[in-house]
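Chain IDs A, B, C and D follow the sequence of writing; residue 1 opens each chain.
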């Protein structure tokens, strides 16, 4: 029974508006995936996918069902090793020159509490973003949202006792030229925060994290600068954005900071020259 | 030009399934409103409305457009005085016995910082919920989400210095038998929190709120109990739910507590009798 | 190294406010789970947990860390068979009389497209809600959000051609007295919708679903009534809420309907008597 | 009473990490505003603000409270005429070289239904984004999300009757060199959609919009191309992004397309040259 033959292929016809489309495809489709895990081997989780290709000016439309076919191609779960091949297959099967594949998922790391050593899982929001540009360049970007505690240096300095602190989200979006583990990005951020956060803390742990945060105050500006300094020195990272959003405990709004850098660009950053100055 | 006449009224036909519908109508429609303000007279804001009626078993459908007509009936902005009349008009125009009208909006209160006195607006999420039950009973419920600072008593007690604190949302949902101002609910909660939060704080204010929170630690359990004690004693409140959600600064999850009470129910609460016990 | 001994147990002290707390615990904590699947055996997914107990009036606080310990007790993933035992363990370990355990997760079903038979996964949002009431009663409630197509009967009837249609969410919240599969709830809803939705459709499938929806128009009222009729007749269901929200394609708001019924309550529903009337 | 004098200004001290911060400030703060309206003169609404400045490498921190002071400077509501002055004041008062001011708000337009002429409000999500770059360049960008109906040409073509349709969000983000009304952007999009959407439709209107959408099918690709063609020809627009997201009625995911263009860049777009070809 061939229903397809007599059904016209509307999307495949020619288009006369002479306007290329930068991205066209499907957005917000969920699928189970399987991720390699630095310590456990494998973890199962659920990703939201965005899948787009560039469409040349002379094609009327893309074939949306092919994106979903690629997602459902093999076994039930998509393994992380398939990410690169999926991106290439997407560009090829959609007869495109450029493509954009994004998958976002909760990722879990087993952590030991700092004093009692009790173990629990912590969840991080992670995205993989793969791009094949029109000029053939490939980019892989890893984005990790790391929840931490931030404690305000000003509040500590000016108050007779106590200091306001809060949960913050530090987000690193790093374009890589070699493999980096999600765990490596998480550790860079957690080591630099006022304190890292945990799923499970017993009383001695709670004492520890309270005192550690108080001993280690950081402005939102400090947080992004300290992370940026490490990312600057990391040769596996070509470009990055680091953001921190502090959900202030004394306000109903956030404090926020962002540093962005692309090491591949030749122009010197303003501060580079100033660095050499007598400052 | 009468387009309506020949167009069949599908919704008005009879239904044979013998199943009444508890709520039917429109959800998530936005409209500008005008609220009476305890200090300023009037404030303009934007509400999201849910508008439902009960549908007897023998009617096939309700007339969705009539709900939207009621919203757009008069002038551009709906005044808060229209809330009760709108609910009654909705039930009447939809030929229903019961109705449910809900509007949720951000509400602003001008606050003075505790030391410097600098003024700024704080935003609160407020809902009005009006119900006409099938038995003719009318209920008006006011819901207010109050952001506050909470500081953990355990963390303070066990730590040599500092204490973890965070933003919390304390939500009061109060069924009223007389008018209460939004500002009255807000003040009950803010007076009982570890500290209230502000839009604008100068350094001396930040010192003040840091020390005040440290002097005034509260568990999530304390917060809901202290608010419940005040609501218990408030004769204008017939029934309430009080919730607190603390967005923990040392975890990636919330601490949460809820107390619910309907004073109109005759049955004694279990703890009432225990209160008289030797405990 | 025993840090715990000298650290005071603030939460365990007595409380003099004489106010019991209905629910206290942790909210919005994510954890991987493993679900039994009607066809595949096992599927791995990620759940958001809310875990609460009732707290008698004379205890100052609950022990928040015990909730997280229960989550992290065994192996990495929580299996669905653990849900009941977890609820009982929670009540026992927190020395409570009542408890409330909720886990919400995306669930996937492999579906075959109606004509081409191509297979793809569809995602559904599912919750398990387990309650142990203060009187010892146990309740298990299954909630499933089923995305479907709804096509408007009025639009079809009054228009020379076409009919507006849209994605709708039909939500069934069913308190069960025996096991039911998630797949059974999904099928009840999908069979009654204007048309079910799929991840992957080829052109002949798209023709099929377009025509099927047009042949099968349903108001939001029809949808909830048709589902209610099936749930009324299902002996494994003690009580239910069925809702439909249509994200109208011709408006920027939703059409919505809800039917709620508890078969365990003795009082006859109003329409029951009317059913016997000459109507 | 001068509390400020003895309190150290931690933020004002020097920083030795030699890393400038691209954006630092406050995020997600709500404030009432007053917008000029093409037809009504003035409308009151509520905005969410993000306010950032660039921080040179040698300053430790910015003064967060100054952002909130600027918001609360004058009268209660911020008028739209203040947007430019606010951005300049922010950069000046924070002693910065660059600044980024963003406000997002629901905006209402009174529309007449196409046949009955009944009037109702439609809500649109609007953002103003003002940027002062480090090189002194000023940019003003207007972003408008326009909800419309999209009807699938393929579904119409291949089906004996009916066609799937759904609500779509068409988002135009336009960098302007002269004033444009929000209403002008809305009209460009609504004129090009399968059909525009309305708050209130009577039965003859519902017949009209059903038939109009069926007569006017558009792929997500058509939608962004047709809008792009108008934006290309509009001399008041220097650069734009146009996106369409269709919340597919036959799937549980979206179809999506995006076209981006900066007319100020000299390089010819690939299609420009092809335009001159024999195609």
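Just so we're on the same page, a residue touches a chain if its C-beta (ideal position, glycine included) is under 8 Å from a C-beta of that chain, and two chains touch if they have at least 3 such contacts.
Remember, it's a predicted structure, so these values are computed and weren't measured experimentally.
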Item to complete: Tell me which chains count as touching both chain B and chain C.
Response: A, D
Worksheet item: More C-beta pairs touching across which pair, C-D or A-D?
Response: A-D
Worksheet item: Taking each chain's centre as the mean of its CA atoms, how far is chain B from chain D in angstrom?
Response: 30
Worksheet, complete the sentence: The distance between the C-alpha centres of chain C and chain D, rounded to whole Å, is 36
Discussion item. Just the number, please: Cα centre separation of chain A and chain D in whole Å.
Written reply: 24
Worksheet item: By residue number and range, which residues of chain D touch two or more other chains?
Response: 7, 29-30, 68, 123, 154, 158, 199, 201, 203, 207, 251-253
Worksheet, complete the sentence: In the complex, chain C touches chain B at residues 7-8, 10-11, 15, 17-30, 50, 52, 55-58, 60-62, 64, 68, 134, 153-154, 157-158, 219-222, 224-226, 228-229, 232, 245, 251-260, 269-271, 274-275, 279
Discussion item. Under the stated contact criterion, what part of chain D meets chain B in this complex?
Written reply: 3-4, 7, 9, 29-32, 40, 43-46, 65, 68-69, 71-72, 76-77, 106, 108, 110, 115-116, 118-121, 123, 199-204, 207
Discussion item. For the complex, give me every residue of chain D touching chain C.
Written reply: 122-123, 147, 149, 151-152, 154-155, 158-167, 195, 197-199, 201, 203, 206-207, 209-211, 213-214, 247-253
